[in-house]
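Should a chain be cited, it is by its letter among A, B, C, D, E and F, assigned in written order, with residues numbered from 1 in that chain.
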Amino acid sequence: MDKLSLLDKFKDPNLIHNLSDGDKMLASLQVMFLGMTVTFVALCILWGLIIVMSKMLNKTEKEEKKVVEDSAIKPELALEKEDDEEELVAVITAAIAASLQTSTHNIIVRNITRVSDSTPVWGRMGRMEQMNNNY
Amino acid sequence: MDKLSLLDKFKDPNLIHNLSDGDKMLASLQVMFLGMTVTFVALCILWGLIIVMSKMLNKTEKEEKKVVEDSAIKPELALEKEDDEEELVAVITAAIAASLQTSTHNIIVRNITRVSDSTPVWGRMGRMEQMNNNY
Amino acid sequence: MDKLSLLDKFKDPNLIHNLSDGDKMLASLQVMFLGMTVTFVALCILWGLIIVMSKMLNKTEKEEKKVVEDSAIKPELALEKEDDEEELVAVITAAIAASLQTSTHNIIVRNITRVSDSTPVWGRMGRMEQMNNNY
Amino acid sequence: MVQTIIKFLQSTGFYGFKDYPLNIVMIFIAFVLLYLAIKKGFEPLLLVPIAFGIFLTNLPYANMMLPHGEHGQPGGLLWYFFQGDELGIFPPIIFMGVGAMTDFGPLIANPRALLLGAAAQFGIFTTFIGSILWGFTGQQAASIGIIGGADGPTAIFLASRLAPELLGAIAVAAYSYMALVPIIQPPIMKLLTTKEERMIKMDQLRPVSKTEKILFPIIVTLVVSLMLPPAATLIGMLMLGNLFKESGVTGRLADTAQNALINIITILLGLSVGATATAEAFLTAQTLKIIFLGVLAFGVGTAAGVILAKIMNKLSGGKINPLIGSAGVSAVPMAARVSQVVGQKENPSNFLLMHAMGPNVAGVIGSAVAAGVMLSLFG
Amino acid sequence: MVQTIIKFLQSTGFYGFKDYPLNIVMIFIAFVLLYLAIKKGFEPLLLVPIAFGIFLTNLPYANMMLPHGEHGQPGGLLWYFFQGDELGIFPPIIFMGVGAMTDFGPLIANPRALLLGAAAQFGIFTTFIGSILWGFTGQQAASIGIIGGADGPTAIFLASRLAPELLGAIAVAAYSYMALVPIIQPPIMKLLTTKEERMIKMDQLRPVSKTEKILFPIIVTLVVSLMLPPAATLIGMLMLGNLFKESGVTGRLADTAQNALINIITILLGLSVGATATAEAFLTAQTLKIIFLGVLAFGVGTAAGVILAKIMNKLSGGKINPLIGSAGVSAVPMAARVSQVVGQKENPSNFLLMHAMGPNVAGVIGSAVAAGVMLSLFG
Amino acid sequence: MVQTIIKFLQSTGFYGFKDYPLNIVMIFIAFVLLYLAIKKGFEPLLLVPIAFGIFLTNLPYANMMLPHGEHGQPGGLLWYFFQGDELGIFPPIIFMGVGAMTDFGPLIANPRALLLGAAAQFGIFTTFIGSILWGFTGQQAASIGIIGGADGPTAIFLASRLAPELLGAIAVAAYSYMALVPIIQPPIMKLLTTKEERMIKMDQLRPVSKTEKILFPIIVTLVVSLMLPPAATLIGMLMLGNLFKESGVTGRLADTAQNALINIITILLGLSVGATATAEAFLTAQTLKIIFLGVLAFGVGTAAGVILAKIMNKLSGGKINPLIGSAGVSAVPMAARVSQVVGQKENPSNFLLMHAMGPNVAGVIGSAVAAGVMLSLFG
């Protein structure tokens, strides 16, 4: 019958061996065509959405900065905190490296843990000394 | 019949919808009464036991201190060890903070691991250099 | 019948209680004999193989050193790296200990992580700054 | 070829929205929860996995919750994770991690706080009555009431045993309200206390010895489990975690229980609890009722805690600040922090935090006890 | 006694080689893989467990893959581990860890790279055709083709669903070729590009904001899962891991996902995938075909990426170095490193690494999409 | 209402002690074990979970070991954990962690120590005979004998396969005696050696190359698994863990195997092994016999090790201190430490620790071999 039933046979592991090489080739090419098309379409949609997202965010950010400069402080602070953290790690790394006369490229200090709020609700219990900071 | 069979109907997800609102209210109030009573009784028993425990321990500790001052050295040492550990972490925290001119409130050094004996039996293998300390 | 069927009965939790104490003893001794023999044979084979391995490696290493001194650089480097790491930890340990006037015996710095290549393939992603080193 | 393409297009989730249009609403709800978790910081460690689970489960044809086939055909990933909730395995493991992170010292130093931890469970039972009168079954009403216990794992444990059909809505409500504690509680606290009461300073707590801290988890497990056998699993694991911490000889286990293990289980539990919130299950009048009843439970529990604290203050001759009563709902440690903040606003030199931690951790025990009663009656 | 000893000797694996002589070959292959992993550093984190799994499963009478008995008799250890592969549980968990380690910033900064990540999947589909013509079924051909996706977990996920009988050979081929990327790709890259093209320097990437990084995983999950519902599990978990990392509020979960959890699952998955490679299953003509087809898939994918990059370079007026096209096969981050190294040989001051990371991570998404197509057609 | 209260009271565990009075004894035993673990430091990492498991399983009506229902009703938490013991999954995973922590260097440097690791298994087989004559079946006797192997996971693995009904008693005996090694061994060692022998100083061990350390686990797995296929699981996982450590390229996996993973499994295994020790199963004459036979096994093993070491000393012309023979029972590293301490008492400048580590780790291999023999004969 038509191509659809060809693909149906093609999908069935028991029937595929009855197909001629030509039919197999035909069906395979359909799979390839469909597959590459879907892959390109999917990633192109993502491409478009990323560009839209970036543009919208840039706009919003500019507007936000103008209109509500105050309310932006909180997220900025959050970002600063992170930067701080990176800075902190960088400083410590440099210090240790200096004292060892080795390049910082090969050392990662990753365990200077700043107390962040990302402990679970149950996790913050018992660390009461720093609670005032957070609230 | 009597209240028991009311509660029995109440417990059955298929029968509960046959009860009148008054019966439901009555059964719910029973559940509330029972629930709050049990909760209070349970936590009051704990309250009593904690007080008894604290009093008994205080007594025992005083007696122990008098009679067997020697044998108390071991647990005390254990405690001291822990204190030491905290002290150690405190010192290191302070040092790093100082060198970074930031408050110690936001930094936790939690990875200066002191070799304690709490590795499992199979874990202590291969760390022979410190075995003499422990035995 | 013969001893085999004795052991067969011995293995069956339902039949074993029909055996006389003498038979049980006999069967147990067989188990012991077989067990200790196998244990000794297995560990003796290992003994032999370890000695063969050590001798062969010593030979190969000597030959390798003569013939292909160049190609040996890479593994040696790997070894050096590890040594470095230990050295690094030792230096840091000593430094912290010195600043705390405590013995190095009780401190393990185990979290100064050197970036080694042993992150999984998917793990190295996003740590691009050190890629040049490795390739 | 054209037919193949049409068939392919009909297999996409875009087309699937024709059959499941309400899933779009659920995906939107998931995004709102993600926004609240990430931008507003509402319980992110649980809301991010829960919201992502809601997101994934409502993608048409993605079959994330497809059950394991009778003849062994692989099911959906989140269905496998969900087995840990359904069989009651994950919540006790999370409780073990919680125990390993909890310091019961303030409660041992001031055991009267247990009364406040009991009083705050009043919200559970009033909400139970409300739920019954609103047409829920006893099993469902018990699961809804426990939202007022302000303890996520307990709510999930109870709901998975008594009313699995409501699990998604109850979990979302429980964690959302836990995150909203700083907004829900202060007005109630101010309404029920006078300025003088809020300014009361409390005596410093006595130090607690190591032996007391070791005996405490054993005693609690023994007493609570004997009184309420169905609570043994939750309380036992909570106290085992605490014993790992306090014993001083099992630091490795305490460390793993409160880090790797609790994190792994949190991911699996959050995702799979969220995945129960399909459009069919969630977008019902029941869910709206649950959300309303949940906030009622919180409010009544807070009020009951404050009122008992006022009474205790009277009886003790003014030594107890009633603000610590609200911490009895649990929601550790946020409820205790709220007591601290509200108290400090009245009197900047007042530090209630340590005193509020007592009722706060007592509330965890209290809601496990209440859950035990419910399981005992309706299990 | 003598009979007992004879019986014992007949129960040893030495005697077992009489029945299973080819197992010796497999054990030798395991040793070669261990040598490559340990001495040559080829993907050791996966090849060591896989090779050890091959080793253990081919020890006669050790019964490492004995199925769980119908009446509950304990099965082999590796059989239990294998359930996580067979039910499709382990690969998505690994993907979550991968997501928590991945920085999609370079891709967000230069989203054109997505095209290269799509082009490099061409190897999957050409290999599919080759496999079909060489006598494999559609399900098998799809699983073989996906080797060209250069993504181990995706290959295992797809093979476990479509062609579990080939799982061992496919897993070994996939990870071996991923390790061989620095050897396979450079000649193809040099053949297809001119010296001038290889010397092109690219503009620096723009910085990417935190909000973009948070929205990216959500958008990708939404779009890919709606287009290809069968890809939702892999993409969803990959992006959940990334969201844990980028959200900034779930650091604990990101940390566990990319350390304890991924390591545990890597051990279990590696061992059990290796354990499928018994002599009967592995030492067949099929395996040789798979190994040949696998390298074809890699080569064609590399070439397709480079060629599309050449075209894009032309269209953009010479701003794109075609060497970054080869990174689209994924094999993160080795393929990107290869682009860097080949470029730097031509022009020592050229730093292509960051530009190659874009196509590189796009390749991961691309092969998940391709896997979704295959599952949609053959699942 | 009154009836409801009565019904409630009859559902409490206090009332339950009427039906299960002996559970009180078991809870007391659990508390004694907790005391020993926490205050005396006896193997706390295993005894705390085991003791807590005994505690929980003997709380009446708590149903911690209720099996999973035929129609899917949730079972008890510890029953689910117990599946990992019953199916033989947990002990090999623990062995992997042990392997990742073990340094076989001292054994490779002095492979004669393997003989001592073999000799010390003599206690296993003498105890086997004793158990048979005392009325146990072959399967039970093998499981009891293995206590003398001084290796907890091996004992649990063997008992779960051959005599699950004795698992609780065997596990408790095995871990208790491992903790008591410093008390059991010294008198036997002194009795069997002369002062001169105890004062012998041994030559320093040669350094061991990295390649030897990498080849060692592979060779051991190959030889032991081929001789004793049923030992392949335990030995294979032990040596895989060691290979993770020694290969130098899989540090991530070695780290997880010896930390997060082994800790998680230790908690689950400890709790569930303890949970098998219900009053019915534990408070029997059998348990008393097992406790007696267990100490016999330890003593005979210690003696056999020392005696073979004496013989080897004679043959080598006085170069081997017989005190290192006792370390062959395994109980790593306590038995090695005991050799060190007893030796140093005689001669304060004598350091036997490194020399005793050889027999000590050989003893682990030895008891896995002995377990393989038992499985081969009685499995």
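The rule is short, and it goes like this: a residue touches a chain if its C-beta (ideal position, glycine included) is under 8 Å from a C-beta of that chain, and two chains touch if they have at least 3 such contacts.
Which chain is which protein? Per UniProt: A, B, C = OadG family protein; D, E, F = Sodium ion-translocating decarboxylase subunit beta.
Just so we're clear, the structure is a prediction, and the values are computed from it rather than from any experiment.
Q: Which chains are in contact with both chain E and chain F?
A: Chains that touch both chain E and chain F, as defined above, are C, D.
Q: Most remote chain relative to chain D, going by C-alpha centroids?
A: Looking at centroid distances, C is the chain farthest away.
Q: Validating interface symmetry: for the copies chain D and chain E, is the fraction of residue numbers used by both over half? Same or different.
A: Both copies, chain D as well as chain E, present different residues to each other, with under half of the numbers appearing on both sides.
Q: Tell me which chain's centre, taken as the mean of its C-alpha atoms, is farthest from chain F.
A: It is A whose centre lies farthest from that of chain F.
Q: Going by residue numbers, if over half of the contact pairs line up, that's a repeat, so tell me which of B-D, B-F or A-D repeats A-E.
A: Equivalent contacts to A-E are found in B-D.
Q: CA centre of chain B (OadG family protein) versus CA centre of chain E: separation in Å?
A: 45
Q: Centroid from C-alpha atoms only, then distance chain C (OadG family protein) to chain F, rounded to Å. What do you get?
A: The computed centroid separation for chain C (OadG family protein) versus chain F comes out at 19 Å.
Q: When the C-alpha atoms of chain A (OadG family protein) and chain C (OadG family protein) are each averaged to a single point, how far apart are the two points in Å?
A: Whole-Å distance between the two chain centres: 39.
Q: Would you mind listing the residues of chain E that make contact with two or more other chains?
A: 8, 41, 44-45, 227-228, 248-250, 252, 259-260, 266
Q: Give me the residue numbers in chain C (OadG family protein) that touch at least two other chains, ranges are fine.
A: 7, 34, 38, 111, 117-120, 123
Q: Which chain E residues qualify as touching chain F in the complex?
A: Touch list, chain E to chain F: 8, 11-14, 16, 27, 31, 34, 37-38, 41, 44-45, 48-49, 52, 55-56, 59-64, 68, 74-77, 80, 259-260, 263-264, 266-267, 271.
Q: Touching chain E in the complex: which residues of chain C (OadG family protein)?
A: Within the complex, chain C (OadG family protein) contacts chain E at residues 2-4, 7, 30, 34, 38, 75, 117-126, 128, 131-132, 134-135.
Q: Under the touch definition given earlier, write down the residues of chain F that touch chain E in their complex.
A: On the chain F side, the touching residues are 86-89, 92, 96, 160-161, 214, 218, 221-222, 225-230, 232-233, 236-237, 240, 243-244, 247-250, 252-253, 255-257, 259-261, 376.
Q: Which stretch or stretches of chain F touch chain C (OadG family protein) in the complex?
A: The contact residues of chain F facing chain C (OadG family protein) are 108, 111-112, 114-115, 117-118, 121-122, 124-126, 128-129, 132-133, 135, 137-141, 209-212, 215-216, 219-220, 223-224, 227-228, 248-252, 362, 365-366, 369-370, 373-374, 377-378.
Q: Which of the residues in chain A (OadG family protein) end up touching chain E in this complex?
A: 7, 10-11, 13, 16-17, 21, 24-25, 27-29, 31-32, 34-36, 38-47, 49-51, 53-54, 57, 61, 78-79, 82, 116-120, 123
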